[in-house]
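Let me give you the structure first, and then I'll get to my questions.
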């Protein structure tokens, strides 16, 4: 960019994730540190289209670091998918003298920004904030650590009940396209099996694992199922098992949206803090049209093209570990 | 009882509740304190029928106070409903020289014990352990405080997301016949409305409350629904609202079995501890065929007849408070 | 009061307690419900003296129910102890047309308000907010339930370490004049002994209890000590035991201010909600110069004279339970 | 090793850390998976010297994954520092036909094992379990993630109180030689400053940072101090600031041993699970005299010589981030 950046607009978009506030704070404070102006754009692209924009100085982001959700709120915007919507948004950015954008969100957010960037070339940086950890270009997304811990705490509670009653529980966790929460929550929760979108386990394979429990002293079992399971969601799997055998006393719990909320873990706060700083420092160093990521504990920048629409592959190692430990 | 009590059998039955282990510990330690023998009967009436019985001295119950579930496990027993099953159970009690029983559970447990008591006159005391707080004869049942806090923590997380997105959430909590968890979790969670089995709110009433939100600056709303709602469960209510208006961005979460587990609160641990001591001291003082309860912070004993099959009424005061505060 | 109440000022004062925000919200929303104006006075008597006063409508208290601390902040005010200070405060109340006061705090707060009330007769109601549960006129104060749970969660963590190492831990909890947190956290935490200000246990008594552990298989022990212990604080007791015997591997943890913070439990939120409503309804019904309290689950009002400077006695029953269960 | 490994002994030693039980479980289950026998050695080197050794099959480690502390208990052994003590230990290993050792602990544990390994050449693998994250050869040690979250949760609670009262808090966290917990808890807790053993900040530097707060609207401040601070511990620093200025209302909290306990996070459970599997697979693949570590998310093995007595350096990046964000 030849033009100097003086004023940055930050926003959150798509599903909220714990740690988004820590990222917003880091962006605002880094701007203050580097003597840039910072404004917050409310409700993602909706607020950009409506001009719902307010100053965000270092003090305005005090005491939000530890909070779930996003103080800038989030929304999905149909209008931003139209050229007219994006035009309105750009007009507001110009009116507010916003030189650069920092977007915090997931793949949907990125797709929208990519289009906007191609049309208007506003210097833009993405920060990956989504509990699903389904983005390539970064080892971890903001919110994943917290959501997985939330899932594990729920599983621990269910285990108390499962063990008291010798029951089989199907526990559904978030992850429409990605088994990250499921596989790690499954290992950490001591699941008998984990069903994820990425894997090709058949229902027969699953049933066999549960059946093996019949012969051992293991009477209670937990199965963790990712939303995006290819062989049926938690309710469907429970039904199939019940149809096959009356041996099991089966229950189902779908954790749902509580996985999105809650105070972020130290990991997500530190990750969000680092990414927020890296976004502003990146902008100042001429980075543009990129996503900030963490790779092997270093901040890296990847081009929009290299991350958008790509899938973060699940590690085979985790699948192997889950299997060995459920013996 | 003319015969002196020398050996007590304790068991848990029905749905597990946080604090059951604290009650088991208190029974075992009180026995030790008063120089009685104590044995644990596994899996409720099932273990009594099978003779699955083991000594429970003061040390055997070390380090269980803080754990959810029940170390004695729990089960529902069909066989105990037959005279033959109860005969087998009684034979095992005789064989083990068990002079008295302490049962920890809810209404189902009590019904079984009542029948058994009428047939065999084994000195028996009930301890109310159920998250539902649906028993008369006591202000609180063991597990209720913990379960309500678990529900509130989940609601807090969902609120983060609701506020970030201006959403309407229907959150279903446990309580098939009782709105206790719902009403208190609703007040504590700042719900716009609470739907409970005891109340005669119509769907129109509910819709009106939500609709009022349209006119105010209150954009996100939570509705807490007890399992036993008479106007539809959380999914049904969400569907009805969606059919009526597209204004709301609606989501549903059913908290389910995670409400049963988890480490008990101080309140449930102290309550369970007091009830366990009161059960043994009651037996030693000739109490028999009674349930231990807490009333206005005092331990009281109520006859089986006065508590079994009765319903703990919801306090009208709580309903009133919920309404005022959701203004 | 002959004059009708139209505008209420609410403030928090003294040490903060979890649930104060829930009480503030309940006061503000009850005012809205009953068509009264409500203003918040910042930093207790300091803000009253300085005129740091702002409107508090139903929406202004949104999303604070679940937060620790107090959004109105708190402070101790030396100036309010002088007639000049109180004069200034009264002038500000008049200037803002404040007809009545609701004070949320503990004994120190009450003493200040009592004096002010005697001088200026501003209709006033107290809400007991302090983690210590050391006020008479109410079974529970706002914050006590949360603080005790916080203490118990910390004790649970320390128990993990104690049991892994066969150690003796002295854990100091808050309570300068009151052993309430200590005794209930001690029972719930499975303490070998509890040292509280109210009791006359000598160091020899305590040492004997610990010594008894030497002969049993109980290798790790926890002793919960209230701040106001008459036989030495946690560090002092640890030192005395170490001087007497090298048998024990002794550690000390002073929980300190973390007991004041954190999101309130459902119990404290509901209690605070009920008390806030009762304060406003009390004012409307002519209650004045009283503290709101909860007795046997009912809201009651007690005169300033009957509660200020009094002490909430610890129940002997709890001491007895603690002793039986640490066998 | 030319001799085939048939039986593995696992033990924990030194300070306990959350996740040690998950590592024990992973070792025992991996042994079962690979058809090796596994035994648990109680209380570290003490149990080895005394022959306190028991079988540890796949079922014996059920339901421990989520628990803090260590079921094998831990102790420091003076006798193992003598040749006679190590001789006794080796005799017991021989008597039990133990072919290989897996030790879970920190630098002290490793030093002991190194000596033993040099003398007796028993195939040995170390698993780094310590909350301090002070070992080289691994990016993370087991327990660090949980301990840092525990510290941050405590800081969040203290922040509620600090903000309600405009106070300055000094919060001391664990870390005698390492500032890892402090720096990450400091960033995540929004600390105004972090004092760690590795850094050369003077008291004047610290005082200046706090003083800068006087001029801003930032009235409450938190300073996180690592145990091993070179410029005074939390109490000493508070005293120095109080001597310099009466502006601050200063409080101190020393978190202490509660940082060691608690249920491990998903991260620590997964890390421990992976390391436990890697230890057994390493032994089977001829790894010996090495520590298992995680580097850039891969399992690696480092020789005893390369890790013992070395220090894991704090990353300069974190110090920089902490500074920018406390603006």
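Order of writing sets the labels: A, B, C and D. Residues in every chain begin at 1.
The rule is short, and it goes like this: a contact is a pair of C-beta atoms (placed from the backbone, for glycine too) under 8 Å apart; a residue touches a chain by one contact, two chains touch by 3 or more.
The structure displayed is predicted, hence computed values, not measured ones.
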For chain C and chain D, chains touching each: none
Starting at chain B, fewest touch steps before arriving at chain D: 2
Where chain A and chain D are represented by their mean Cα positions, the distance between them in whole Å: 28
Rounded Å distance, chain A centre to chain C centre (Cα mean): 39
CA centroid of chain A to CA centroid of chain B, Å: 36
Chain B: positions in contact with at least two other chains: 156, 159, 163
Parts of chain A lying in touch with chain D, wherever the complex brings them together: 22, 25-26, 29-30, 32-33, 58-59, 62-63, 65-66, 139, 145, 148-149, 151-152, 156, 159, 163, 184-185, 187-190, 216-218, 263, 265-267, 269-270, 273-274, 277, 296-297, 315, 317-318, 321, 324-325, 327
In the complex, chain B residues that touch chain A: 12, 16, 18, 20, 67-70, 73-75, 150, 154, 156-161, 163-166, 169, 251-262
